[in-house]
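Okay, got some structures for you below.
Shared between the two complexes below is chain A, which pairs with chain B and chain C, respectively.
This part shows the complex of A and B:
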């Protein structure tokens, strides 16, 4: 069923529609902030900009506040409007999404903390190429997942889900070459470890983007594809209606 | 109100209460399974039991299935019963809790994967004492968080929240000594890295137990203490009623 026509036919209350729209708008604002946090954290690391890294760490509070605020709005919508069907799924998807966005914010903070550590170390830092490459990949996933949410676009959402497997492969191979660096030069251990934590954080950002994409499928199609192999999902079911 | 409809509404509310009780029971069953997964994963690592580690990895599917099943029950309760106040908070707390329990299950799988890797390496593995120590601590936190949920016990929940800070300290100090091992003996790098991933996984289990404890305060008191400093929360507010 098309979520838009469903919404239109079932709601007499224009105010209720407006509340649901606001939930979505606020979630997108939180998504935008979190995207910026990841971008700034990676930039701070690559450019050795410890001032920007500190800003990222400080801004995490804003991300947390937005989560509390949006979750509170969701609870009030559930209590007052008692939504059903696709409206209920939207509210539940927003609640789940704020939790993933908040955790992406935490990962950005971790990257920023490692950027501060690395900016103090002198000498060549290994693994920055891998960081740049994987960060571009997961930032695209995050952007696409948020766009898919905003547009109720299940096909774009499924692309994000499939991308996550590629990121996992890239991550595995980057970790293996970093381990080789470490073994070759024990003086690099501390800085390579920092880069490993950063890569792990980026890989987690990819996982959370993957979760966001799964919620889009849930809210539009009523289909819970968490823990499913993306190749086993019937593409017909996911077609735009 | 006439007698028939009164009986009818009592019947409905009895059934509703039963559904809420079942949600809690199923969450506790999921919690029990996840506790066992963490316990087995750590045992497999400490004893070099790769057979048990494989079992943990395979059982993760059961954890995932339980999450989907309980979340589905929650959605149906929301749609059919349109709960308000503390009933609504219970359902929302259960939805959040399944997500954390599922992630603890993922961390147990990661520990099991590292247990398999380490069982293949010969030679002394450093850091097992730290693993044993931190695992006992976070397992106690998880057990207490689940007990607090079952009993709606906010005081026990706040103990868990405070414990999490201690675990974070222990984790930081263990990571520093492991880095020293690595620098002293580059042949140990690969196995020490595995132990580092295990410690990180255990630290995450502690974080998720902390989240579970925060949901208990939310569901009992209607107070969202996520992102709050535990020392700034008025103890009077958390007193058992």
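This part shows the complex of A and C:
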């Protein structure tokens, strides 16, 4: 049975409605913060802005605090309400999603650290085009995954799942060009390695966005599509009702 | 898991069937009315042997009526009319050659309020046995010990078998009633809100007992407590206004019910 974004506000207990609404609101707030962290980290890298990079590193604590807070709220709902069906799936999806969002926060922090290192190095940094390209792609995935969560939109979620394969391909080809740079000019090895770490972090952000999208399908349809090939999933099952 | 990714699983109004070998009770197109007022409407469902099936639903939905119908407890109520079939191990319980006393031996029933007889613990359990057959005392004692052990009560009462059953606590009385039923070796045990009048610890003991009895017989549980249905049953049937709305494996009904009406009921939503 499908659910919609207002399914969780129809309980006889208004207090329960409010608790579930708060879970969603807080998750979205955490999502917004993490999105901003990734955006700032990439901007700091591309523009050589070490102050911004430092700010991203500081803000990671806020992301961690939000994870603890939301997990705590989920524990309280489980203990006090013993949710079932779509309520239970919402709580589980939120617990899983906070863990992925926190990891995205960590990846943003890694990007910021490399941005700080690169801003200190003199000379031309190679590979920024690849960073710009892949970062735009994964940021869109993350934005779409969060939108799909907010709207309970399984079709948008499946788009994100499919996008992740493209990001993996782009990451592979960027890695190959970076290796060529290193072979051509051994003085660039240290800065290219930093860029490789950044690309690796962005690729991981894509993977976490993919996970978020999978939780949306679980939440709305009750189907656990983790570890399934997206091509084997019947599109009819995922259609919005 | 992969099977559940196909679109067939979201089809509405699923009817779960079991093969003749798996099926203990089979209810088909069963209608029941009290003085012309329909209480059960076109119910068809199979209850598998050696499993616990829970009936859930709002008050007045017909779950207790259905449970009583399986035991033919409506027989003496002249205002009750019914049609359709209920088969126990392939035998129609309303067939003219069905012996009602024998049916009730094979299908035991436990009610919401424990109802031990005003006699000793021993005599309570021996009561049904004595009616059924004359047994040498030693044999009878063995059966009583076995029944009380199966009902997880033996250790608590073995030294006071001749005390009045009414001196036991509510939870112990309920287990005594279950032991009394088990002593005559039923095939099916019907439990109508067996723990609703008990404290949480006694409730857990009854639930544990239900779980353990599964290997010996088929259990049908009516409960208002949805967590209890989720904890102890293998299959759950949701009834509303005398109709079977949804029937499926408990895990599925409580994590991803197929129908909106079920979802609304088990999650406490306004319908």
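Following the convention adopted for this analysis, the second predicted complex is superposed on the first by the 233 of 241 C-alpha atoms of A that agree within 3 Å, B and C clash if a C-alpha of one lies under 4 Å from a C-alpha of the other, contacts with A are read in each partner's own complex, and residues count from 1 in each chain.
Assume a contact is a pair of C-beta atoms (placed from the backbone, for glycine too) under 8 Å apart; a residue touches a chain by one contact, two chains touch by 3 or more.
Because the structure is predicted, anything quoted here is derived from the model rather than measured.
Student: Could you tell me whether chain B and chain C fit or clash when both sit on chain A in the superposition?
Tutor: Here the two partners, once superposed via chain A, clash with each other.
Student: Given the touch rule stated above, what does A:224 touch, chain B (first), chain C (second), both, or neither?
Tutor: After superposing on A, A:224 lies in contact with both chain B and chain C.
Student: With both complexes superposed on chain A, which partner does A:189 reach: first (chain B), second (chain C), both or neither?
Tutor: It touches chain B, and chain C stays clear.
Student: By the touch definition at the top of the document, which applies to A:156: first (chain B), second (chain C), both, or neither?
Tutor: In the superposition, A:156 touches no partner, neither chain B nor chain C.
Student: Pick one for A:68: touches chain B only (first), chain C only (second), both, or neither.
Tutor: First partner only, chain B.
Student: Output check: A:16 vs chain B and chain C. Expected answer is one of first, second, both, neither. What do you get?
Tutor: Second partner only, chain C.
Student: Once the shared chain is lined up, is A:82 touching chain B (first), chain C (second), both, or neither of them?
Tutor: Both partners.
Student: Is A:99 in contact with chain B, with chain C, with both, or with neither (first, second, both, neither)?
Tutor: A:99 sits against chain B, while chain C stays out of touch.
Student: Can you check which stretch of chain C gets into chain B in the overlay, out of 22-30, 76-84, 112-120 or 166-174?
Tutor: Only one listed stretch clashes with chain B, namely 166-174.
Student: Where on chain A do the contacts from chain B and from chain C line up?
Tutor: Comparing the two interfaces on chain A, one with chain B and one with chain C, the shared residues are 82, 84-85, 88-89, 224.
Student: Where on chain B does chain A make contact in their complex?
Tutor: Listed in rising order, the residues of chain B that touch chain A are 61, 64-65, 67-68, 71-72, 75, 78-79, 82, 84-85, 88-89, 92, 95-96, 99, 179, 182-183, 186, 189-190, 193, 196, 200, 224, 226-227.
Student: So in the complex, the part of chain A that touches chain C is made up of which residues?
Tutor: 1, 3, 10-13, 16, 82-89, 221-225, 228, 232-234, 236-237
Student: Which positions of chain C touch chain A when the two form their complex?
Tutor: Interface residues on chain C, with respect to chain A: 1-2, 4-7, 9-10, 226-227, 230, 254-260, 262-264, 266-270.
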